[in-house]
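Pasting the structures in now, so scroll down.
Same chain, two partners: subunit A is paired with subunit B first, then with subunit C.
Right after this comes the complex of A and B.
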């Protein structure tokens, strides 16, 4: 059977042979329907809110007088509202939706009392809403990745536990047998996140640690939220969707074991590289740099595993909305991680630290890898949850092209602009600003790059709106789209007379 | 796994330098650093809730690593002891604007800071710092102009108040400027002396 055929037989919901499996999964999909729909809808709404703040903050950075007299939208608050809406609103809801759904399917566990999940999820979203409003109205903490006022933390932590416990319970009562790599990642992440969050809240806000121990705690948290929460959830989604859509197993079981444990071992030491040159003991920084470089191991291992699984199936990847986004995400993971390891080297860091390069790198990881992967996950998951197909292939195309070109443009702008900014920062003869026009200054060199970042932001916004419209049409749309013509693909089927 | 790094990074640094105390360079001198009090401490809250940290760091790297020293951001490297009395440490990871560890030494004029906060273009043309006009208010001139009224140059007609009115700092602006003026690195510590 050619890969293409096997691809279609896997995706086609009307295929007969594996009925019992399908029935089991379909029952799980049905049980997970309400909670997953709640998390997905909230995630997409937060995505739009976060995008709006992103655009505002981005424009403000090159045109500071834009909305300049609204205190609640001053740059520091708008960018923090953007970050927290994206991190705790979009990303966490997407993780809850995709992560728990994948976990439920892999464990084949019966999910009872799904309403609890809905209640906990509602409280999580209320908490984030209060937090973001808090940031805008003067509760901003100026602690990176923990900007929301500390008073929302108990609510978030509590609803998190109520949500995460479902993942753990599913695993506890899973169908006996092989445990798949996605399950390790999800289970690990479900335990890692609360531990990070509670420690960081305690040592920074409740009982502040002495001096720069706070900063170390801050970056231990901030970096690990990416590495031990979003990354494993993203990888779990890739590991689940890729073989599922392609209809072939993961290339190497051994490599996935190695990838998981080396990630768990090295990533959590790496965060100190955000403080290179800073007022903390140098041995800590060195430990962080070593760990950052060691991250090459899990990244290479995972990249080989993904590549060898997908290789030879370019056409299937191109047809499937899920795989287009997932493969984009997987490739970005490799690239962003290499950049990350490289940026941790002192000689490189002395240029990139404190510049837009770091901002570019953050978007490389959280957007080009994590967010794209979650888009792919949602494209795969929602049709199975709703038993409907995506109404418009065109809207998916608009979504894909706008966000992939947009993020590509943003990464180029911020990396190149940031690198120039870093070189100029290290040259004391170049001032930030100058009263005379025509003098080379750091800011005059940076502005065009910041401006092109805003343009890329507009593209990304268009993509997000297309995604939102497609999703809404799917949820409220007429039942006619229900399995009408098979799955929505981006390229016409080939050689099947269709 | 996470417990290892928590122990290795956080607990061990707490043990290594969590009990640092202010120290005098020579006997009889004032132990440094000193706690920030009063207006300046209130101003720090403004600095925090406006999110200044997202463009301004507060750390000076050693001479030879970057150009912090050459730019006049501090005469010496900042070290853990400099931060021990701060309830919220604002090291920052972005230098879209200059470092502010020693802005009080570098720019001791309150008038300059007020004009700069009101509209950064007045003092630093081409700056991308947002204006903080909302920390100032326009009021009718009483019997005599207020001593703290902003003296906005003529080439900023849009920022000029109506005739008979003046622009003065609110309490928050005064606190914020007081905080900025209190940011100094004019003392030495045994482990960090002024670089030559």
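Right after this comes the complex of A and C.
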């Protein structure tokens, strides 16, 4: 049989599942080393690039003259470069690294077609680089979350399909037995993202739909990228790392399964709440609001489960770099999701829409929940992949404190400032410009909050640099091997002592 | 190319397919026995190399100290 036919016969659902022999975790870690290292390194580099654009965009909001002579760094371009570098550069590479590694470990089978991941990862990063350069040089689109020029879409879609096929193949060749909830989340996300991306690209750029249908497609995509791509991958990491590190199973496995299926069945409809007040049918918006409020069910279920698993283990959580970040992420997931459901109500949305409150909410979900969870995942994963320990505990502490205080400060600034901004925008008694000074009233009231956001951005940048230095020292520095002791690295190579 | 309501129907068709795919996966999962014996299912994350009952992550170089503190707090 030709290799191509053999490949398709293996993925054909009609054929009997090929069940592999159970493989040791250390062997899987070793086999996943090259692709995971490629994705993690790329993710961290994109994190630094995205952070630099974030700082520039943030400063420009309260000091518009900052870097005002560079046309490629106008606010619109810097902000879009930040979003795309973070979403497709940092977040997706982190998902590919952590998500696929967790999937491989849970499948407990030999890694096949590992080269496919390396090829796909290389093309993915080339595609994102071209896309971000396209944004900076003025080729950006006006579609939120899809600002990269449409010509990079085929390359990204191709790379992604290779990665998703690899994930599905891994699942197919898994050890026979129970499918853990993290596998469900990862499998679902791998299946949903290409669907979302291809449909959105087709209906907005390739064969553009007319009128407001483009906006509906845009927000169906934009919101589902968060809810059906980053969220399941983040939750998969939490459901894997939390019991692993604590050494005890999840509090209620039943609830975790219920949480997955309610997300899979209902989340898809929620995105339309971004268009409340827009010129689209009211019943469509109402359906979006109902779906958004229904999301309280998986959120409550997940929150109870995370809380009850960690409760009574505060010291264990504090002693583990992984769990410090993961628990921070899990708590933020609960809070951000409740805020999301609340913001979808018409009476609330009339205040928060078009304000910094929404920007704060986006950072709540993507940073305080997703990014913090991925940091935790990377802290757990990389020592096992490299058989090395993190070189500096202090750099981990600097990372944790800077980013947690930084994001906390940013969330307060944007939520409070945004709420005040919304109330003022809705108040017809507030003049557009102040009669005394001539300044734009609402914007000048918002300025201190925007300034606080820039300060919080500096803190977050320090945290990211500490993370980068620790990672690089770990990969290239001899000191990283020094701490090969204790339970952090349970799996020892032969002859290496305890 | 089409009227806007045709596009809306297309979007709904895809929304429906999304929903149907999730329902199909749930049906497979029930038929395959995945929704039974949750107690055992929750323990598949543990293996001989990373067994249940052992903490597997500490700050580098601080495992011994942290382990001692954890044991002390468990005794209390």
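Please note the rule applied: the second predicted complex is superposed on the first by the 446 of 498 C-alpha atoms of A that agree within 3 Å, B and C clash if a C-alpha of one lies under 4 Å from a C-alpha of the other, contacts with A are read in each partner's own complex, and residues count from 1 in each chain.
Here is the rule we use: contacts are C-beta pairs under 8 Å (C-beta built on N, C-alpha and C of every residue); 3 or more make two chains touch, one makes a residue touch a chain.
In this text, all values refer to a predicted model and were calculated from it rather than measured experimentally.
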When subunit B and subunit C are modelled together on subunit A, clash or fit: clash
For A:268, decide between first (touching subunit B), second (touching subunit C), both and neither. both
Of the partners subunit B and subunit C, which touch A:30 in the superposed model: first, second, both, neither? neither
Touching A:213 in the superposition: subunit B (first), subunit C (second), both, neither? both
Now for A:392: first (subunit B), second (subunit C), both, or neither, which partner does it touch? second
Does the superposition put A:199 against subunit B (first), subunit C (second), both, or neither? both
Partner chain(s) touched by A:249 [first = subunit B, second = subunit C, both, neither]: second
Applying the touch criterion given at the start, work out whether A:139 contacts subunit B, subunit C, both or neither, answering first, second, both or neither. first
Contact residues of subunit A, present in both the subunit B and the subunit C interface: 192, 195, 199, 203, 209-213, 216-217, 220, 264-265, 268-269, 284
If you look only at subunit C, which of its residues touch subunit A in the complex? 1-4, 7-8, 10-11, 14-15, 18-19, 21-23, 25-26, 29, 34-35, 37-47, 49-64, 66-67, 69-70, 73
Subunit C touches which residues of subunit A in the complex? 24-26, 106, 108, 177-180, 184, 188, 191-192, 195, 199, 203, 207, 209-213, 216-217, 220, 240, 243-250, 253-254, 257, 261, 264-265, 268-269, 284, 315-316, 319-323, 379-380, 389-393, 396-397, 482-483, 485-488, 490-491
Per the touch rule above, subunit A residues touching subunit B in the complex are 60-62, 64-65, 68-71, 74-77, 79-80, 138-144, 192, 195-196, 199, 203-204, 208-217, 220, 224, 228, 264-265, 268-269, 271-272, 274-275, 277-281, 284, 287-288, 346, 350, 353-356, 358-359, 425-428, 432-435, 441, 443-444, 446-447, 450
In the complex formed with subunit A, which residues of subunit B make contact? 1-2, 4-6, 8-10, 13-14, 16-20, 47-55, 57, 59, 61-62, 65-67, 70-71, 77-91, 93-98, 120, 124-134
